[in-house]
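Per-chain residue numbering starts at 1, and chain names A, B and C are given in the order in which the chains are listed.
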Amino acid sequence: MDVAATRAPMRLVTGLAVALVILAGLAPVLPSYVVILMTEGLIYAIAAASLDLLLGFAGLASLGHSAFFAVGAYTTAILVTRHQASFGAALAASIVLAAVASAAIAILVLRATGIYFMMITLAVSLCAWGLAYRWVSLTGGDTGIVGIPRPRVPWVGLASGTLSFYYTVLALFVVCLALYLLLIWSPFGKTLVGIRDSESRMRVLGYNVFLHKAVALVVAGAFAGLAGSLYAYYNGFVGPSAVDLAHSMQFVLMVIVGGPGTLVGPLIGAFAITFLEKMVSVFTERWVMVLAAAYVVTALWAPRGMLGLLRAAR
Amino acid sequence: MEFWVNQTFNGVSYAALLFLLGGGLTLIFGVMKIVNIAHGSFYLVGGYLGVALVAATGNFYLALLGAALAVAAGGVILERVFLRAVEGDDLRQMLLTMGIALFFQDACLLVWGGDPFNLRGPAYFAQSVKLGGFTFPILRLFMIAAAGVLFVVLWWFQEKTRAGAMVRAAIDNAEMTEALGINVPILKMAVFGLGAFLAGVAGVVGSAFMGIYPGLDFEILPYAFVVVIVGGMGSLSGAFVAALVLGLLDNFGKALFPEISYFTLFAPMAIVLAFRPTGLFGRA
Amino acid sequence: MKKHLVLALVALVAAVVLVPAAPAAEKPPIKIGFIAPKTGNFAQFGLDMLNGFKLYLSEIDYMIAGRKVELIEEDEGATPANAVTKARKLIEHDKVQLMGGLLMAAAAYAVAPVVQEAGVPLVITVAASDDLTQRKASKYLARVSLTGGEHGHVAGDYAYRKLGWRKVAVIAMDYGWGHEVTGGFQRVFEELGGQVIQKIWTPVITTDFGPYVASLKPEADGILDVVTGAASIRLIGELRKAGVLDKKKVLAAGTATDETLLTALGDTALGVLTFLPWSQALDTPENKRFVERIKQVTKKDYVGFSGAINYGAAMWIAEAIRQVGGDVENKEKFFQTLRATEIKSSPRGPIKIDKYGHIIQNIYIRRVDKVGNLYQNTVIETYPSVSQFWKYNPEEYLKQPIYSRDNPPCRHC
């Protein structure tokens, strides 16, 4: 079973283009808090979509994705605050280091499959938290690293810091989205889906399953690193909470809520969860209940996530 | 000498707590193959109910039984009403149990507030036994006894009874078990209830040992996972051995090399899984 | 009857004549943003903060200098990132004139630059970490809560002079609060001639203190305990069960026996000595009145310190607003006045601010006692007007790095 994307790429591309135009056009007239949350939504969308490459396309449900996200975030924080790195340099270094970290972790975790893969990545995530917390000279320990200024990107005619940063993130989001689409439409993407559906069949067909999975992990890690870098700029600080289990879990939930294996689903999931948490909490103390209800309802009545697109029922 | 005896005893009692946490989860894991994120909530609710029941009845053992049974009943209902609807889809199960966990987290905060409680056991829980110059706190002895008794009972049930044989069969191959005419849905419900019961017991005993407060549900969840995963899903003996090894490792790690205390539980887990992807006693 | 009518007429005329003359009534409300956790592990703490803060505001009917006060509460949640997002919301969307609250030190560090950039005064009402008002002090920030080093200094002095300790073993949580209390303690204690012979750092999530308690060095005269929250119940329980509390005294950072923990601690904590800028049992008219009033709100026997210090924070903020005549729009003047504002009596005692933005306040040595059916932190000694720099010269002090795991180094371990 293939992805909807391959069947109707034109429709998908048109839909995404319309969505992007709306995202870009609406921002100047929306209240600033909404723009702030949209920025966060976009950053999480990049991260959630990268996890979807693993979870939805390669069948690797990783609970350790925040580790790579955090490598990106910490790299940016350290380079910007201690070495005055430029936006481009910090971004590039974050992507590379996150990819390197994923490659190293891949060797450790890829023998496990299914729930065991989930659990070994969970262990990785918990150890990564320990490192972020304890390696004080590098990470700043529990208080983390503060004082990361927003990148200065000269958008014509934009004074507001919030809006200008939003467009920066949006531009990078578009680039990532294009790359994601190329990736899942490529033969590599198709092979990943094949591995997800039947690892043994692909092995018999002569594919190097391990290598494919490892490459998927590295690519996803690189994108997560990019998202992490933006996250550091967004918050102006990085601390161990960027790498804790709750954060990893949040990425997974974004993918499931949106609809795994659809790429577009996780984008929706990222926005939905960000707004559910940070918007509902403005209005009620019981926002956790609202979030809980949203999860339960989605799980029970939206079997393929909010997007409701194709997904092989297991 | 005193150091080694004390630390070994501490480690074993900590292992008992880990087994209580992980024992229920491993049964649920094995039979139902679900990542039950709400397991920590069962513990939390069990603990709070225990506190309330101790206050109401004044009897620790009555509270222990009552709280655990209530949690078990809740588990059965959750399985029937919610989990059955998403059977076979591990991602949706995760989402669902996450929702349930968040619900209980907030509900407990609403009902019991956020101040920590300490579950008062019988007066002798605060005392110690002196044996050959060493001091053994009774609460820790009780934890070891509780874990030991539960392990023996569960092991006997799983290995020696007909129902236990069904559970083992369901762990190995659910479809085959169904084909043999065993009512697997009922079996799953029962196992989920049993798992929740054990989490409730752990909640009450754990609260006597370390108190209870909001957030504990997600604090202890990784510990339960560690025991299950290192031991191998569905393997009771595996969970027992894993709890013992991890409890001692964690204890001596912390006592001898406090620098690495953040990694004493989870690094072993990662290493075990890297070399034996299905845990120490797990079957692929 | 007629007299009343006349009076009423006079009042009416006066109102008609005077009200338009009071421009303050025309002004929009003063917006105060307040960030505190309402969900997650620290939810109760955050709710207590709000209870205290709002109690004072309700006592003055949310009116200061003729202007209405609008309090906008935001949930800090469990992560600092949340606090930053909410701070941005309060600044950009609600356009608050002052921001208060903040529990987690990490959140305060993260929020401070955001607030600084926007030029909005930030009054930290709980978060304790030295550098917020020391090496990373920022212009628009003031703190009316407490900090680690400040408390450690007092404890070091008390342990050496009053308890007569010469060798101390420390068991402390492995994060800022633990490091700074321990660091401050060690500096003062060792300068007086004492020795810290052991430092045990416990992870923030520690389910079992058994291994740590069993490895405490027996030759220590006493134990410094810097473990807070629910973990404190486990540690003190373990110290009691292992017999340590029967043999020697334990001096603990005050949050370890906060009133909200006393029920859960029960008899295990009896006799534990602690240090904090407040106690429910503090015997002053101002405090007794506060305790009585807050109990009507919370319906609990025990009042946590976060409620008390936030009540004081609200008093102090209101006093500053009064002194500028409600003109909070003049940011520079308002902020200068805020920092210069002094209060002679609040539930914890007098409040004033040093030039780095941190409070100068009394720190009390307390002992856990049982009076009737209730436990309390009996005040047994007062260190008046303690500066965050203790008796050191601030400039000299700030040349040294912040207290950490290894600063001061453990020379006698």
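We adopt the following convention: a residue touches a chain if its C-beta (ideal position, glycine included) is under 8 Å from a C-beta of that chain, and two chains touch if they have at least 3 such contacts.
Because the structure is predicted, anything quoted here is derived from the model rather than measured.
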{"item": "Furthest chain, CA centroid comparison against subunit B", "value": "C"}
{"item": "Between the pairs A-B and A-C, the one where more C-beta pairs touch", "value": "A-B"}
{"item": "Inter-centroid spacing, subunit C versus subunit A (mean Cα positions, whole Å)", "value": "38"}
{"item": "Approximate Å spacing (C-alpha centroids) for the pair subunit A, subunit B", "value": "32"}
{"item": "Two or more partner chains touched - positions in subunit B", "value": "106, 262"}
{"item": "Overlap residues in subunit A, where contacts from two or more other chains coincide", "value": "133-134, 246, 288"}
{"item": "Two or more partner chains touched - positions in subunit C", "value": "39, 78"}
{"item": "Parts of subunit B lying in touch with subunit A, wherever the complex brings them together", "value": "29, 33, 35, 37, 82, 85-86, 88-96, 98-103, 105-107, 110, 218, 222, 225-226, 229, 233, 262-263, 266-267, 269-270, 273-274, 277-279, 282"}
{"item": "Subunit A-facing residues of subunit C, complex", "value": "38-39, 74-75, 77-82, 84-86, 88-89, 92-93, 105-106, 109-110, 112-114, 129, 136, 174-176, 204, 404-405"}
{"item": "Contacting residues of subunit B [partner subunit C, same complex]", "value": "3, 6-7, 10-11, 13-14, 17, 106, 109, 113-118, 120, 126, 128, 135, 137, 139-140, 209-216, 219-220, 223, 251-252, 254-255, 258, 261-262"}
{"item": "Residue numbers on subunit A that touch subunit C, as the complex places them", "value": "31-33, 36-37, 40, 133-134, 136, 141-144, 146-147, 162, 235-237, 239, 241-242, 246, 277-278, 281-282, 285, 287-288"}
{"item": "Touching residues on subunit C, where the partner in the complex is subunit B", "value": "39-45, 47, 78, 200-203, 205, 207-208, 210-212, 214-215, 229-230, 233-234, 237, 240-243, 260-261, 263-268, 302, 304"}
